[in-house]
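Several structures are given next for inspection.
The two complexes that follow have subunit A in common; it is paired with subunit B in the first and with subunit C in the second.
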Partner chain A sequence: MIEGARWRKWVFFYVPMVLFLLFLLFPFYWMVITSVRPDGELYRPWNSINYNPFWTWKPTWEHVRYLFEETLFASWLWNTTFIALASTAISLVCGVFAGYALSRLNFPFAGSLGTAIFITYLVPQTLLFIPLAEIIRNYRLGDTPWSLILTYPTFLIPFCTWLMMGYFKAVPKELEECARIDGASRWQAMLYIVIPVAIPGILSAGIFAFTLSWNEFIYALVFLSSPEQKTVPVGVTSELIRGDVFYWGPLMAGALLGSIPVAIAYSFFVEHYVAGLTGSVKG
Partner chain B sequence: MAISAVSDTTLREAPPPRRQRLLEDERWLAFVLLVPTIVLLGMFIAYPFMRGILLSVTSSRVGIPGDFVGLANFYKIFNDGIFRTSVYNTFLYTGVTTVFKLALGLWLAMLLNRNFRGKAFTRAFILLPFIIPTVLSTFAWKWMFDPTFSVLNWLLYHFGLITGRINWLGDPDLAMISIIIVNIWRGVPFFAISLLAGLQTISPELNEAAAIDGAKPWQRFWHITWPLLLPVTMVVVLFSVIQTFADFQIVYVMTGGGPANATHLFATYAYQIAIGTGLLSEGAAIALAMFPILFLVVIIQLLYIRRVEVR
Partner chain C sequence: MGQVVLKEINKFFDGVHAVKDVNLQIRDKEFMVFVGPSGCGKTTTLRMIAGLEAISSGDISIDGNVVNGLAPMDRDIAMVFQNYALYPHMSVYDNMAFGLKMRKFEKPEIDKRVLEAADILGIGDLLKRRPRQLSGGQRQRVALGRAIVRHPRVFLFDEPLSNLDAKLRVQMRVELKKLHLRLGTTAIYVTHDQVEAMTLGDRVVVMKDGVVQQVGEPLELYNQPANKFVAGFIGSPAMNFAVVTVTEANGSLIAENSGLRIKLPDETAQRLRGHIGREVMLGVRPEDLTVAGSADLDLPCFDAVIEVVEQLGSEILLDMKVGENIMVASVEPTARVRVGDKLRFAMRPSRLHVFNAQTEAAI
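Right, the complex of A and B next:
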């Protein structure tokens, strides 16, 4: 859309684009370079002479080794994966069922129930974490993965339901009616006809829910206390800082390795993720 | 549909078991399908919300149930200087970041809404700040803002912009600016990708027609793109406002509310009071103080969505 001289394209497109990319991606580069840089280079004041902060000639695995040998990082990774997968699965089942009911079945209060679920979608975790911590303690779920597996669906289900409603509405009614004329029950028609058609939606909801639960912080911070139960974000925050001392090398290595699983999951399903993201907003 | 259901059951030799007959009824099926969702949301959203209100009118601490004290907790926090600072901070934080996220996000969306080599790749990379766990990427920022080893100071120094070091997180105003930068960094991709989806629904012919009629790029944006994009923009902004208003992670990692409690938001201050010092009911009152604003935004959003649907 930019017509005219070549310089215009540079000024209005390439330069801003490169600046955006630098701004958005530099912190990740910084994570990578810090996690392979030996401590001797890391803690050099910013104004010392002949110091190039952007490159290292002596990369080291020391920080990663520290992470896996001296901390419980491997358990944190496992905990996070397990919790994210389990809460995603629960939310998908609930969300698909609820989305189907709200978009394709006629029953009293359907509209107000849909609105209620939409409102819970907008409730931030920080509003409820204090009473919820008490409830978790009363149910004796504190410091177990179940405290998170059962609470993460509260912000995943509304989103999954909302997204699935959109996908189910797009499935033609005739498709289901044909199946029912051929003798399928309502339940079978839903399970074998409508849900398979909406698989792209389920994938989008699933990948989005997985990244959200991998990302969650405040519930994990408040509900979990023993180091071996923690998730990656909480473990890195609480175990790699002693008082005022930050172990920057292992910290950045932990941040990097804790980001890789979710980045890989995302890279396989970019299109689905984007569909989920934009669908979650459009409703 | 009713006919098919009737013929379905009459044609069968033996009537299906009772359980299946119930599922043939739309209302029962809907009920069965919605039960898991309602139970989970009821147990972990509606119930805690009620408990939170009850908690905020008692004098409960960790391990001590406490007595009913009425609105004493609210009275106390409204006379608390740190609470007032956090209210101010939260509004400032939400306002400033939303303006920047919208402006930069829209700009980035416009850049992405054209054909160039590596477009899919660029789009995938741009979303990274939004996908990577916020706490982890915020640590990278904290390290970049480190008072002694800051790479940002190094850059500014070598470009000749500063002569001494800047203590980013040690000064209240600079700390607030740092936090705002991190939030903008994290939010721009979300705005850009959502707005890009909105832009892609606008037919390019509209812009071409206007261009033929002699409209300048700025006029085309203001009279065509912006009005057509407004519904998406509204929803994205309202979503972002809710998330930013209730934000916790960035401040918790970057400053922990410091220096000297100058950068607290509602959520971080509630955490410090409830979990840090164990004054559960006072913390619950601080968290609940967010509610009226959030409620207002949700109402606006619901009304707006309804208006768009009616049209």
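Right, the complex of A and C next:
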């Protein structure tokens, strides 16, 4: 080993990594600790003697109980799940087919169409919600899950299409050509060969889409009004912040419970997901 | 049956004329090799036969039926790709069975054919594996197996051996030849390697820049190349060329340039009668040059200075300077030659090639 290589590794690798990890994980830790800390500790002034913001000796389920018994958190969870799954499914189906077509079928303007789709993804939601609100109102979809299931694809489909386009391009076209010589129609070649090979890509597109719609805030805030229709991000922030009163305990418990499904989705698919991002299709 | 006819085939890729007026007749049961440098249009021609690439103009027919408009699946061909194109998510068995399943064969028949092909190729114990668990040579065999099980009219190969290491390549080359003898299916084989072309082909098509240069049996290409390109491409090390001026002296023809003065043998002289006073391209293969002994004095001879000696074991390659030209000679391994030696070389008179200096066509 080169002399000094060991301390170099510490200084340039381990120490920065630990600092970085602390930095990234601290908000999450804060969320966890706040959600199990009794109110008495939460609202204790900073200059009192037993002020101890980073730890608690009396963890409590009180905030979680409050969430489920005093608020509509359970329905928010259910709404979010349903909306995220439905809009992800719609966007994935469209994105996979559109991505396939744009990357594999040679038709005029395929390239510029791909770019155009990407540009629609760049239109900020904070602008797009205005015309969308008009449409939602005209079709009387306001305050129903469908207002979100049908509007989330406006950004999810371009996203999935773009991701899948890249992925399909990485699948060798000989695979498909070989299938077509083997007797498969274009449709069959796609179904039996290209899509199974692209599963990691589809999974990562799905996870991203699911996360994006799970966390979406603006559309949900604008299109839903009655408390029992709300999604977790909107429900938690609108029902647990009343004026300038923050119900910190339930708020953090809601945020925690709201981020767990996403965390599970990530870690469950992480193997595929990483493979998907690196686009490895080794024969 | 498996007779493939190409008539006036052209292919344009927006602006690039990749294949130009190709006419070919590939006979039933024949092993036909397309060979040429990279980018000469071999793959494109093969893909047009497969139906993967549209034909810009011309007709391709298989067994007398024009197939221009037929989808790849309806042409009854099988293709082996350079990168094997094995389906990564399927087992070896499923890879081989896929084509039969698509064609709605009965399960027992599929089983029989796959096992038979696996047996021929010696991959019977790999059937449950995934492609990524196979070595390069094994993948190659699976790709072959996938083509064999279909019992197609024509096999198409696109540089199937180029991803293998040198030793395995030689081994697979022999196996491919055996396989062809055993199955007797028409095969069209694309390669850039002239050794593969010479050893595998019943006939060889030499291509350059989208144009067919010559079609013939391997030895025909070697002995009677149609032009300078074919002469230089076939054979290793490559043929030596020298531009010479033809003059007449005492009734016999002399070819000479700055470092070379050769009395042309009668047979060559016959062909060059019309070129007196003009430049032609002289060609002679390294293996047709010998260090001149006392018996060789009436052969065409020239002097050369040895610059590099390459010992190959079975032969010695001599890089030498002849006037301005660099030439290579392949001589007996027993020859005692050192760098800097000045030697006299003799060429076998019947093995002298001459080409038109402008058109490069053989004279």
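Note that in this section the second predicted complex is superposed on the first by the 254 of 283 C-alpha atoms of A that agree within 3 Å, B and C clash if a C-alpha of one lies under 4 Å from a C-alpha of the other, contacts with A are read in each partner's own complex, and residues count from 1 in each chain.
Simple rule for what comes next: a contact is a pair of C-beta atoms (placed from the backbone, for glycine too) under 8 Å apart; a residue touches a chain by one contact, two chains touch by 3 or more.
Bear in mind the structure is a predicted one, so any value in this text is a computation, not a measurement.
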item: Contacts of A:Gly249 with subunit B and subunit C, given as first, second, both or neither; value: neither
item: Which superposed partner A:Pro172 touches (first subunit B, second subunit C, both, neither); value: second
item: Which superposed partner A:Gly201 touches (first subunit B, second subunit C, both, neither); value: neither
item: Partner chain(s) touched by A:Met31 [first = subunit B, second = subunit C, both, neither]; value: first
item: Subunit B or subunit C, by number of subunit A residues touched; value: B
item: First, second, both or neither for A:Gly183, with subunit B first and subunit C second; value: both
item: First (subunit B), second (subunit C), both or neither touched by A:Ile193; value: second
item: Touched partner set for A:Ala263, first subunit B, second subunit C, both or neither; value: first
item: On subunit A, positions contacted by subunit B and by subunit C; value: 177, 180-181, 183, 185, 281-283
item: Interfacial residue positions of subunit A with respect to subunit B in the complex; value: 1, 13, 16-17, 20-21, 23-25, 27-28, 30-31, 34, 42-47, 51, 53, 90, 93-95, 97-98, 100-102, 105-108, 110, 113, 115, 117-120, 122-135, 150-151, 153-154, 157-158, 161, 177, 180-181, 183, 185-187, 211, 214-215, 217-218, 222, 232-234, 236-237, 246, 248, 251-252, 254-255, 258-259, 262-263, 266-267, 270, 273-274, 277-278, 281-283
item: Footprint of subunit C on subunit A - complex, ascending; value: 172, 174-175, 177-185, 188, 192-193, 196-197, 199, 281-283
item: Contacting residues of subunit B [partner subunit A, same complex]; value: 1, 4-5, 8, 16, 20, 23-24, 26-27, 29-31, 33-34, 36-37, 40-41, 43-45, 47-49, 51-52, 55, 104, 107-108, 111, 114, 116, 120, 122-129, 131-137, 139-141, 143-144, 146, 148-151, 153-154, 157, 165, 185, 188-190, 193-194, 197, 207, 217, 232, 235-236, 239, 242-243, 245-249, 252-253, 266-267, 270-271, 274-275, 280, 283-284, 287-288, 290-291, 294, 297-298, 301-302, 305
item: Complex contacts: residues of subunit C adjacent to subunit A; value: 50-52, 71-73, 77-79, 81-89, 98-99, 102-103, 131-132, 139, 146, 150
